[in-house]
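Sharing a structure, written as structure tokens. Questions coming.
Per-chain numbering from 1; labels A, B and C assigned in written order.
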Amino acid sequence: MSLHSLGNRIARLRDEAPLVLNITNYVVMNSTANALLALGASPIMAHAVDEMDELTALSRALVINIGTLSPPWIEAMFRAGRAARRQGVPVVIDPVGCGASTLRTTTARDLVAEIAPAVIRGNASEIRALLGATGGTKGVDSVLAPDQVVADAEALAHSAGCVVSVSGPVDLIVGAGRIARVANGHPIMTRVTGMGCTSSAVTGAFLALGLSAFDAARDAMAVMGVAGEVAAERAHGPGSFPAEFLDALYHLDAPLLDARLRVTEPAP
Amino acid sequence: MSLHSLGNRIARLRDEAPLVLNITNYVVMNSTANALLALGASPIMAHAVDEMDELTALSRALVINIGTLSPPWIEAMFRAGRAARRQGVPVVIDPVGCGASTLRTTTARDLVAEIAPAVIRGNASEIRALLGATGGTKGVDSVLAPDQVVADAEALAHSAGCVVSVSGPVDLIVGAGRIARVANGHPIMTRVTGMGCTSSAVTGAFLALGLSAFDAARDAMAVMGVAGEVAAERAHGPGSFPAEFLDALYHLDAPLLDARLRVTEPAP
Amino acid sequence: MSLHSLGNRIARLRDEAPLVLNITNYVVMNSTANALLALGASPIMAHAVDEMDELTALSRALVINIGTLSPPWIEAMFRAGRAARRQGVPVVIDPVGCGASTLRTTTARDLVAEIAPAVIRGNASEIRALLGATGGTKGVDSVLAPDQVVADAEALAHSAGCVVSVSGPVDLIVGAGRIARVANGHPIMTRVTGMGCTSSAVTGAFLALGLSAFDAARDAMAVMGVAGEVAAERAHGPGSFPAEFLDALYHLDAPLLDARLRVTEPAP
């Protein structure tokens, strides 16, 4: 499966409109639901423990995001994650703020260990904190040396047995024996809340198509990056960016992707 | 009361700015509060059990939306609903995702039975699930045959003793011996999260004016449909739609409504 | 420190990007996080009791907003507030809806008494309710006579030992022996949810720079007012306002502020 066919995979998303279950944070519920809808998927946002088994069974992917976690939500994350594992529903975990508090770090590690996600999608400091390495986490942003980021992602991909997708100036996707980089995107995306969370939700949408975890993670970052570039060119700042971003997602097509994509994946 | 005076009723909303209490889902809290404000009502969003009696007493309508329900919120919904019933405050129930989980189906049915809402506002599959009929619910959207939708709405209106408002390509409002259809709206509205929830909130705004449940439900769908059309013409996709929609709500006036409304209500 | 240097203080915000911890309401989480990002600060939104001590220790200001309070959140507010007090992290309290329910009034008063905030930021009826005076609170808006508002703010500033910032047609900032008025802003801001909450978050951003409570509160209202004016001129209604507002925050600079600011602060 090559990037050449990303336009086809987006078309398939729009056609199949797969249900993606999101247990996500309060800040981004609206914006990630809208991103999934704009791209063609069918989002459902929920968190009641008692409905997790049923909703997971209806869904083709599960996105777990710990951005505003609390004990009842953590319980729902584990409940849905276990149901997903039993039922073969692929899971994305977004360890938002991992490293900033013991609760976040512990929850993220336990989720990864118990649920065996298909993809972990975070920024470099969150990935580092998940690994157990120390390093300053300031909220949800961080800057680490590119080599360190690769080493961390490879170590986590190995220890967790999944694909690790690291957003940053150049996004990095690491799986068993594979690595891809997505150089699309725009710095304004760091001045808008929830773009990372949206990447995770979009990763869930591509997983819901039945793609491999690696392809889903790479496609998601490619789509985010290209839509982000288009939106940045049209927006006048971070306020007008989100509407432009969703419009760009909605109108993404093969010619635009062909003209814009800057994805590199060295032969193994 | 005829549709002819819908412009007057909107003017009255702007003048009276009635308080509408919303116990609604996390995804749409911001967008429905903004829709109520744009239309002229005064929203309050709350969910603490301990303040439900007092806030209901201050309010002229109550909107209960189960989109992201959980046990403490369900308790608040019943508490507010009972207070509203005692105090004669009209209630809209939006059974989001009814049919998708036992928790949603049971909660929606129990709320309807105990609170005796003025209006139930949902999509066709939610209405069907409330009735007890089986049919695929995929998240919050569904497609059923138009005749089936009418039969379901009539059955629910009869059994629940209230008005049933069903959003769809043509919206359907059914009450005792009355039926209306609103053919306004635009397909892009299905690619934006929370438009159904906004319909329910707007229904609450018209109920807060003291209209009959039927008139309030019909006015709400008419307003949603016309504002949606105007917004769809101005937007470039689902991203730019919400801002245009709120601007359209804010500027709605009688001449625009006269030119646009496609509401049919056969003589009984 | 004079208003003359507000442009410099904004530049410092963008440079330092201080972390501001927000325990705020569901309605405005996204919009206030985006406002902080657009202005240059680094927001974190959280509410789990177990991480409050750690997150407060990472943060340079704490914003507590009771807009959609419930018992677990109230516990987190006190926990974070006590940690902030111990650690010398300045706190803003926004008593949203104080006066509308006993739960809100009691919680707001207890928070003020126990946490000793640097700034209380509310509208006139909320400030009045906090004081213990009676007066109609209708949701989150109110109109009181200007002299009454000044008297209430002075009384609360005295009794609570903090700065009181009252938003209204002319914003009022009252501290020990100081009073300032900000005549910037636009009426459309009352038709958009969360502008008051955003003022409180922005107050937190200026506190995070180490400004005095009075200067931070005044700077915040000045920034809100100027950005609000610019946005109102560009927007076509309350729907297009929020994007314009964030863009205006992002682009605020000294020449624009010099041309627009209408802040008066009589010599003591």
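Annotations for the structure displayed:
Methods note: contacts are C-beta pairs under 8 Å (C-beta built on N, C-alpha and C of every residue); 3 or more make two chains touch, one makes a residue touch a chain.
Note that the structure is a prediction, hence the values are computed from the model and not measured.
Mostly differing positions are employed by chain B and chain C in their mutual contact, as under half of the interface residue numbers are shared between these two copies.
These two copies of the sequence, chain A and chain C, are related by a rotation of 120 degrees on CA atoms, to the nearest 5. Measuring from the averaged C-alpha position of chain B to that of chain C gives a distance of 33 Å. Chain A has residues 26, 30, 242-243 in contact with two or more other chains.
By the touch rule above, chain A contacts chain B in their complex via residues 19, 26, 29-30, 33-34, 37-38, 42-48, 50-51, 54-55, 58, 72, 242-251. For chain B in complex with chain A, the touching residues are 25-28, 30-31, 67-71, 97, 100-104, 138-141, 191-194, 235-240, 242-243.
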